[in-house]
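Shown next, in structure tokens, is the structure this report addresses.
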Amino acid sequence: MDRHGRRVEHPLFTAPDPARLADLHRAMVIGRRFNQQAGTLARQGRLAVYPSSTGQEAAQVGGVLALSEQDWLFPSYRDSVALITRGVDPAQVLTLFRGDWHSGYDPRRHRCAPQCTPLATNASHAVGLTYAARRKGHDVAALALMGDGATSEGDAHEAYNFAAVWNTPVVFLVQNNHWAISVPLRRQTAAPTLAHKAIGYGMRGYHVDGNDAAAVHAVVSRALAEARAGGGPAIVEAVTYRVDPHTNSDAPQRYRDESEVAYWVERDPLLRTEALLRAEGVLGDAEETDRVLASFGADAERVAALVRERMAGEDAPDPDSLFTDVYSTVPPLLDRQRRELAAELREV
Amino acid sequence: MTRAPGGDAPAEVSMGAALNRALRDAVAGDPDVVVYGEDVGPLGGVFRVTDGLHGEFGDERVFDSPLAESGIVGTAIGMAMYGLRPVVEMQFDAFAYPAFEQVVSHLAKTRNRTRGAVPLPVVVRVPYGGGIGGVEHHSDSSEAYYTHTPGLRVVTPGTPADAYSMLREAIACDDPVVFLEPKRRYWSKEAVELPVRTEPMDRPVVRRQGTDVTLVAYGPMVETALEAAGAAAGEGRSIEVVDLRQLAPLDDSVLVESVCRTGRAVVVHEASVFGGYGAEVAARVTERCFHYLEAPVLRVGGLDVPYPPPRLEGYHLPDAERILAAVDRLQWESEWVEGGPG
Amino acid sequence: MTRAPGGDAPAEVSMGAALNRALRDAVAGDPDVVVYGEDVGPLGGVFRVTDGLHGEFGDERVFDSPLAESGIVGTAIGMAMYGLRPVVEMQFDAFAYPAFEQVVSHLAKTRNRTRGAVPLPVVVRVPYGGGIGGVEHHSDSSEAYYTHTPGLRVVTPGTPADAYSMLREAIACDDPVVFLEPKRRYWSKEAVELPVRTEPMDRPVVRRQGTDVTLVAYGPMVETALEAAGAAAGEGRSIEVVDLRQLAPLDDSVLVESVCRTGRAVVVHEASVFGGYGAEVAARVTERCFHYLEAPVLRVGGLDVPYPPPRLEGYHLPDAERILAAVDRLQWESEWVEGGPG
Amino acid sequence: MDRHGRRVEHPLFTAPDPARLADLHRAMVIGRRFNQQAGTLARQGRLAVYPSSTGQEAAQVGGVLALSEQDWLFPSYRDSVALITRGVDPAQVLTLFRGDWHSGYDPRRHRCAPQCTPLATNASHAVGLTYAARRKGHDVAALALMGDGATSEGDAHEAYNFAAVWNTPVVFLVQNNHWAISVPLRRQTAAPTLAHKAIGYGMRGYHVDGNDAAAVHAVVSRALAEARAGGGPAIVEAVTYRVDPHTNSDAPQRYRDESEVAYWVERDPLLRTEALLRAEGVLGDAEETDRVLASFGADAERVAALVRERMAGEDAPDPDSLFTDVYSTVPPLLDRQRRELAAELREV
């Protein structure tokens, strides 16, 4: 797609079929609404913090929908939209940010690793996991998500290198949203693009318009297919933009210009897929299209309502849960602390 | 402590503001001081401790670096080798771990390695501890890792005045300093005129005098300990509060003097108790004051679990009540018997 | 301990050979066990602990990885998430520091983070400690860093039989285990028939019974403690030696029982004393045995300096003499007074 | 040079002049002899350990002689030859390996950082140092040495990246000696060459025959000149070979074939410069050449003799030195340990 949502073909990559285009758009609509809702909850103090990915929905949705059922996703803290697109209960996605528990979902159930806060550390987990799956004879690829800033960490380098040397099917999807909190990309790297980093590991690097869900989907799909076929891992740099502040406690006016934000808002990924869907009549005629788009909006509202409801409850997490999963069994000294805390709580 | 000239009551200053002022005065006072790290430039740091510095001193003196903690400490080591005095920030406690090798294997050891030829005047600022509702990895208390590493000075202020004075002293110090900032106290205020020069950082300070029991605290727990002491006073128990300030290398003289006088001691910190810094205090004080002790030195600290999520951190963190409960267990009745096998 | 069948005296086995055999049996016994790290393949590890495994099991099970410790631990975490049981080697203690973030922020916490859904059965083997004349960074005792990190099991064998049995148990364990191998004892021998199953690793063991004083040791210092106890016996002093084995989480019952019985204790390790693991032992034992103690629990450990160069390490490391000197300071005369202020 | 020591010109790089060629050869002759002597001392137990760089002399000498007086060298444990070429007292170079103290020389005096054991960690020191020098208005470049294996460490990545973003004048000279102890290069990276890594940082990468002292010198000189001129840092990969075992306690027969060693011994860097010097008459006519080469040999023998002599002494380091340089002053608790040790030593 060009920036107005007009189709552009590429000899190497296959554009998503119409049904997939609709899925991409729907997931973005839901993701956008989710970002807004979570942002509101954070401002209301119902979440401890929320890192919004408004503006980055195409990159997350495009990447995740390229995964097969058995594949794994390794998200960072900013990848809520990726998680709900993968099918994780939206309220469970927010457990971390609400502060009820560190990870709200069972990673094995959805084949989604816990949201990762220490930057770039999830990337080597993805490498190890796919290595293990291959050892067990399973056809499992992984999508490891990281930001532009995270590529500066040593852990990113080590993960890229292990993946390339072991030839494990991992696609490292770098959402280059131009900022690492307040630090712009040019302070992060002097490379022409982040995709160029792939060369130094002997793997493929793709540079893609990260606000074009179809393009991200096409590129990640191809990279995953190559990786599965033994062609090695890849870095996909999706160029996008973080429209909201880093989190609700950020102060972006200190470091960036509103005009920059405006530039990117014009290139909103949702507007672009919508334009394409309408122009190409993917969802049917104009009327049918309106109807389907309205249903997407309704789905998004349902998700938002569910999230509001689930976050409204005051049910506090059980303090006893502090002790149960530190080790496979509760060791004696910890059990003593557990009993002490229970006694303390009985007193009050 | 310096009083305000002219008799005016000095203004209330938060610990964050005191640290900010210390950095500003240090950068202004010595062209070799540079401040860098993640987001310390235009943003002023995620806690705004470097607020305004980039604007005032420019990108040559205060700047954002690439996002890589090992690289940050590694480059600071190189800068110090050539005579700069870098002050670097680790954004949160757990995000200093990627730099662990540089800190332990180089920062701590280079002076020793070179028989003193290459001292490393580097300050590594680490906002540490919990109590701010931070998600995973944003609330660790990592002092035990650093205090067990010879060659590092590990200091942590408990008051705004100390925050200012100790940070200035740390920057002026020719040894590498891990400067632990109790992040939950960034907003705690004290009436103080800056600049101020408090006791040298390597001297523990008695924050409140008392006769019955010594409460040993540092960093975020100083305020909590004083709160406990205040409450105890209401009930007729006189608690002395010692603020350690420089955790390593420790000057144990004030501590030992106090405990030998009171005969009872509790040491408190946020970090998990097991293998925590409190173990060192308890072991050392016991060794030196054994025959003066009426009861074992008790430790009050975090549970031996990974730092909990925000809505559970209240169960983890020591508060005045827990401290007082420990004080109550200090065998005030003469027939007390506890512990022992079984 | 299992006896050799048929009554033949069992063969002498070195600790290195026992570890090697444990790895071999674990790899042979469970297709999910993989062994990897730097130079563990054809070379068999720089200490030859993985000797022969690559040849026997092939590159799918035992292999060399790229040279990056954080990546090694990180990939092991990923493998364990998918059901493998990786056993990785950090070539030397100080070379585990680059992996510190992966160990502390992920390996230790993932089970907890996921409410038990994702246990991580990973063993991180770390040859640790000094005494082999290694240059800088090859002789650190890093146990205090790991034992203060909830979620990790930290174990260290003191004998070849334990080395075998505990490593098997560690590999079978569903928790992440930092397996500290006392590298100077790789060549220490014991007559034992392998495979052997000793006490469960989380139980401290009394290695030698005694009545007058309890010597608490682990890893490389078990042998040294026994040596000291032997020498003391000649002089009519009966020393009990407790080998802790699993340092964290600690089961303190054996320890407390012993010290309450003997009334005196010394804890010994190679690591620097300040903030070392011995502080935890001393503080804990004192808390639980206070009224049984005739003297403060003393600590014998390395000096509070960076690990010295080979030709000076003898001054740093505890030996039987230093242990006995500490035992002598345990206030055997009733009029003893030491320490206190001033 | 080709592998027989015949001159090959390159449009970009300037070959060293005759005097420099002679210097290079002389330094290699001394370096080789030093490696042999130290190896012997290690086998005799007079050194705790020695990592020989036999076969790699050209890379070290070529790199170091490209430095100016005010520049800094950041060596690893394998770079003894680089250090003596830089002028450090050969006996002081061995202090670390003898076990007398960690660093035997004063780094400031020779502008040589202490020999670095933790892999790749010295690279960011070089970046910081040159940054500081620039801040002080000094024209100081640095040569950071590392092995092929070390490039896999996160610290290498972070250092490359900081250097490129800060545009500091550091040349990272990677001695690709094909092995990291027992691990061959193909298990370390899937990249076409290690020089390709430069691309991902937006810097220049050079791939040079590391057994050709003249070529290494020419390439490093150029890279340093560009870096000084503000052209940014560079990675220079010098392809060479570790002819000896990793250290005296290594067992190379377990992991590599003697034929591989033989292949490289044929490409010995010393033979090649000697051939060039003779063929081109750089040192004069045949007789003069013999005379000069003999004098180099004599210089090398003098160094070896000096080392033997200095390592023969039994003077043990003073235990009190353990305490004096941990901090700027001896803190009270450490002073207590110092006095205790002194008392202990008086007793025996």
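Here the chain labels run A, B, C and D in written order, and each chain numbers its own residues starting at 1.
Just so it is clear, contacts are C-beta pairs under 8 Å (C-beta built on N, C-alpha and C of every residue); 3 or more make two chains touch, one makes a residue touch a chain.
All of these numbers come straight from a predicted model, not from anything done at the bench.
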Result of counting contacting C-beta pairs for A-B and A-C, higher pair: A-C
Centroid comparison with chain C (C-alpha atoms), farthest chain: A
Centre-to-centre distance between chain D and chain B (centres being mean Cα positions), rounded to whole Å: 41
Chain A-chain B separation of Cα centroids, rounded to whole Å: 36
Interchain centroid distance [CA atoms averaged], chain B/chain C, Å: 31
Set of chain B residues in contact with two or more other chains: 65-66, 68, 70-71, 94, 97-98, 101, 105, 109, 112-113, 136-137, 150-151, 249-250, 253, 274, 304-306
In chain D, residues with contacts to at least two other chains: 101-102, 118, 152-155, 157-158, 161, 165, 187-189, 321, 326, 333-334
Partner chain A, residues of chain B touching it in the complex: 38-39, 41-44, 46, 64-71, 94-95, 97-98, 133-138, 274, 303-306, 308-312, 315-316, 322, 325
Chain D residues within the chain C interface of the complex: 48-49, 77, 96-102, 117-119, 149-150, 152-155, 180-183, 187-189, 249, 251, 254-255, 316-317, 319, 321-323, 326, 333-334, 337, 341, 344
In the complex with chain A, residue positions of chain C that touch it: 34, 60, 65-66, 68, 70-71, 73-84, 86, 98, 101-102, 105-106, 109-119, 150-151, 153, 173-175, 202, 249-253
Footprint of chain D on chain A - complex, ascending: 152-158, 161, 164-165, 167, 186-192, 196-203, 232
Of chain A, residues touching chain C in the complex: 101-103, 106-108, 113-114, 118, 121, 123-133, 135-136, 140, 154-155, 157-159, 161-162, 165, 321, 324-328, 331-334
